[in-house]
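First the structure, in the form of structure tokens, and then the observations on it.
Chains: A, B, C, D, E and F, in written order; residue numbering restarts at 1 for each.
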């Protein structure tokens, strides 16, 4: 039988020799061009990184192709980034351009560094999950096609991080992204009274509802939902399979903007609602692609250098964000969850548009 | 020409960005599972709805997690994905691979699964997408032989992850890779045998740029930082001054604390006011470096929205030195998990529990002192609890 | 819905073998399922103690107890728990005990 | 020398600031009530505790409020304050007085009460401190004859108040005094006969400096503002430039939106970015004036902490013209009070009700459109409710 | 019988003629010296205001004295301010100095304008209320004596507004003051089971508790308090007299800082906790006076011009506020009410002190 | 505690005349107190209707109804209410109805 608890392979065995030699002794880096980093160590040695885009959902053959390339140029060393890009790690500067040429020939986009749009962090969607309100890989592909140039160049005011999650569980951790694409349901789940008693823990189901819309019905070993208090988060379905929520007619996508994670300049912040609902329109989600592109373009032409999306919006004000992007403001934009009042304007300071 | 069976998905092979559909088709050449997955996905594109049943509990012997069970709701149409479970493989820290390790992984997966993967999942695991119930144990056995182990799932410690840190980055204030690997090895049991009220995530970034988004995505965030002066290399400052960079406008004016002064010759930093945001260092990597006394800030509570709304992690230890074997850090983690495990309701994340019981109770529970670095501002409501020992007890 | 025949009786179960009519549970069901959960031979007193504990808890509170509680209340540790139920408390013990399938946190 | 009966309070006659103890002693010369009040207060200073019983419900015929009942818990020691009720007198708007009116008030109060007052109470009333139950009605009759009326108390509209505004201030964007007086007269019934779930306060400031703290202390805040360009008088700008004032540092650099430019000659304002904070105008009153199109911003919900925590008022109407007879304003107030009265629980302030039911429900309830000016930022949680008409209804 | 609903006297009848003539047509103002304002109208006419301090709790004879003065110098016109100061309104510049002289001779402080400390907004305290945790007029008098010079001069970085409320009802609306002095109880109320049934509405009493510490005991028509959940706000006592809360040993004062109301520069903000507890020490509350003075002095020597207390603290950071003032930071400073998490630091940006 | 003699019976009341032993309330109490609340003569049916309404509501919910509810449920307006009880619903009507003294919001 297999050994258990061996843990992952020791990362030290995976480091290219140039890293092993200069581990923790890096001096500075330069972005030689989009997608190409040079890190120089105290020793004077340099590490070259070539970053290539990936669809994340990759076949073993695709991985083998990556291995082939890495073996050809990088002595077999590579890594993936926290945004699922592939990084080829080289110590020989002369191999950089040939590597890039080969990547180009195989249609790997090289970029994602500096003031670019890097890969979109995303989730399972219809490919593997049971709660999605939209697909993940599909909208990502459609959007990346459209904003491809922002990946391979570095022309934006600052870097723009996009993430997608296919339901409110937010596995893509979209809640702090410059632009977040979030699948949402809009149908109140109907408990299936025949299945709830056998499949669900009533107290857990009741506790799962953020807005207290669910009441236990102990007599019938089931639950009831107060439609008015339900905002379709789907958490009850997560704990109780007998409360289906997916609905082709009403599932779709919402767009959120202005989040960030880094502590650079401003503190990390949550993304805020920009567009409450766009329809699921497979295979290429044109409404979503257009909406995101619009936001990027408006940002690109109005933000100052080094200003992340959220920093730009906070400087000019949300009033201005809505007027510049032409996105309609609705009562759905106004928070009504538990700390809602913190978002209400408690001042006469605002702009007319 | 034969009519495509996946006209909708075919549309996603167009365009310049690499297409997952191409990868799925590639896998479908070899694997009937992948083929049925493709077809089922096409149906989802048509129906605008997922075609997986709820949940699934499958696993390997001796572990309580690491595999995500999944069953098709149309096994009639797609028998090869009737069962289509995902295996989460703990990635090598920092997502560094030598190709032979990767090839091993691919071989095992072609043998037991669909040949489709996510490199990587959002938590950091290498995700092996789709196998049958029967294949789980043998697949695990082969993985184990190849040096791989499962990652976390369920109410367990999830696979910790770390930024590239000292592996490549000049700003690393802590050895993010070693800390992460060390904790991963130390807590194998907690990863594989769910014992908590809910999931628990640890992420390590070696500086405040937080390249693994640890502050947003982990219950326990470890973020490198420093004390003391930012190291300035005046010669390189001069070099930047004559480059494209406008030091006043791009660096000083954007410093959040406005603690930098630039007179076109000398760059001064009032370090006592600096909040180590990294901006100036980010822009002038050759000229500026983090100060010498290095360590980490510990924050807890970060998570996605369900149930109580999303949380960003909160500072609970402004500064801690991190040297192997990281005893102080591990003890802190144990104390926190213990307090959480003892007090939480089912499916209550650490941050939610602290929110419910109060930071005051948490701090006392885990033995940490209150310091102003923990808050943006003190409370504004007058609903102040006093400890019984603060109050003159009435003798009644 | 899949059906399974155990010790001569027919039970409705889901794909994972979890009982779909909780009131049909009986001791034979538990025993008959043991081997699929990597338990060799017949269930011991220690198994039954835990199974009964789980059933009682579930009947009383409508939920499965958290693992810490299981261990505390039964004076065992995680190691022991996995010795008894090698596939873990959620997959192994709850299935045998005829609780509704643990959900959510995977 | 006789030993003082109030040694503790006597200490408060020392020092330069005018002493309330001196006033109490002064009143005590004439009024046994005031004398006992002084003695009871001395006891409180000794005991470190108040000596009033809980509550008291007294009043005048035809009104449900305006008098605060109060009884001593030591009538044995202080019989003259056994009953010691306070009468709240609606002040003349802006707290303007001609001395004859004030003298009338004093005479009535010397006749019926303790001779002690608060000029004024925090809500704005002239507070007549302390009379007996028997005197309330006759005192009211005399007050009425002298042209005064009671203010609000209980679950009623409270005495509205206003900043001095156009009475003296060059920045007044609305006629705060007239608006306040007009509403006071219009809503006499609501002030005197409590009919709401709880108190309701209206305060009017004629510009964003908010000199009656309306945003912090009223359920319905009316704050003057303007649209269009800040009026600049260049000659006076020049004059300021050659004064002590450092226009760049003190004015432009402190402008919250950084929408001002000063080149040592000309002052430019990018008015589209100005949020009308008043700072520049405050510092350069001769040179800058609010723009020409004047009106008010309406905010609701301000209140003290009990129960749900303190609230500052929230913008619900960014701009409204205010001209007599203020029909639109009054209709809005009525609609809001109606919605509140219809939906609130007992002792639930307007702000708390909106917090509980959601701004969305409030806006629909009172018929106001959602605009971005209402929020600092849109929601960050994904818990979005849709109206039934937004959703494609299933035909089941 | 008296006429009802006549409302207050029409303010127009109370306005001095110079105001009536120039109503709404003021052009600008100058602060001629502390306590003396000159407002100039479009017509060229000027109104002079002399502002004098008041203890607010005034006798009718005191009011008559004010009337005497107003009649002598101001044709009988005066007003009170929103902070309870007295304003003498003159149209004759020549009378300003004689008026000030007379005020001085009668010990009226003149000031409270510009960058000063104006009168302290306060409440009833032991003089007339039933829920106070401290006196109001006493601490105010003791403190104003000590900071008197800040009233009659204008030497602070910006104006400092102090308010006092004697219990959490906060009638003084202290919640948005530069410095707030707040009476607090610290004893859990004990329901008097013999009186609750006759004096209290059980549901209202239960609903009155912000932290849900009270449970109804319908059988005995009374309530019980969970000591651990009670933070002594006193609201249950407000609705139910049979739940006394005052306690000489444990009642006292807390200090709050950094609030503001105006929209000038920064938006209105709440005051934040500086000192959780100081003892009631009548007659002159030395601990409270010292604590407030310390905060004012540190502010005066560190803030920049035009920076309100809260603006200064936000610029330098709360860490710095605590280190500069020497006030100890405790777990009580960390919010634990319903929106507490909004105040937790979600960033690695902070100062070491 | 003050006592008051009304129609020959002795009641414990507070300073404001509110009954301190709610179960002692009877119709005579109400009638006897009427004049102190500026109601002339004997209580009419309209008075009784309101008094009974208040008592029922209080018995059922443990609280006094809010004024809007009083008016709605009894089909009267504020004017009428003050005609019937010139000292208002809190001071006048509740006192006569023998409810606990309204608190708090003054």
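The definition used in the following text is that contacts are C-beta pairs under 8 Å (C-beta built on N, C-alpha and C of every residue); 3 or more make two chains touch, one makes a residue touch a chain.
As the structure is a prediction and not an experimental result, all values here were calculated from the model.
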Hopping only between chains that touch, the fewest steps from chain C to chain D number 2
Hop distance check: chain E to chain F, minimum number of steps through touching chains?
1
Shared touch partners for chain A + chain C come out as B
Chain E against chain A, contact positions shared by both copies (same if over half, else different)
same
Winner on C-beta contact pairs when D-F is weighed against A-D
A-D
Sort the other chains by how far their Cα centres are from that of chain B and give me the top one.
F
With centres defined as the mean of C-alpha atoms, identify the chain lying farthest from chain D.
C
Determine the centre-to-centre distance between chain A and chain F, using the mean Cα coordinates as centres, and give it in whole Å.
64
Geometric centre distance via CA averages, chain E-chain A, whole Å:
48
Using mean CA coordinates as chain centres, what's the gap between chain B and chain C in Å?
33
If I count partner chains per residue in chain A, which residues reach a count of at least 2?
168, 170, 175, 204, 208, 210, 233, 238-239, 241, 247, 263, 268, 270, 337-339, 341-342, 346-349
Per-residue multi-chain contacts in chain F, two or more chains:
63, 101, 103-104
Shared interface positions of chain D, touching two or more other chains
53-55, 60-63, 68, 189, 208, 210, 215, 223, 256, 276-277, 305, 309-310, 312, 346-347, 380-383
All chain pairs satisfying the touch rule are A-B, A-C, A-D, A-E, B-C, B-D, B-E, D-E, D-F, E-F
Contact set on chain B toward chain A in their complex:
8-9, 11-12, 14-21, 23-24, 26-27, 34, 37, 41, 44-55, 60-63, 68, 70, 84, 86, 89-103, 105-107, 109-110, 115-120, 122, 124, 129-130, 140-141, 143-145, 147-149, 161, 163-164, 166-170, 172, 175, 177, 181, 184-185, 188-189, 192, 208-213, 215-217, 223, 250, 254-256, 276-279, 282-283, 285-286, 304-310, 312, 345-347
Within their complex, chain C touches chain B through residues 15-16, 18, 38, 63, 66-68, 71, 78, 82, 86-91, 95, 101-106
Contact residues on chain D for chain A in the complex?
208, 210, 215, 223, 225, 227, 256, 272-277, 297, 299, 301, 311-315, 318-319, 351, 355, 358-361, 363-364, 370-386, 390-392, 394
Quick check: in the complex, which residue numbers of chain B touch chain D?
305, 309-310, 380-383
Chain E touches which residues of chain A in the complex?
263, 267-268, 338-339, 341-342, 346-349
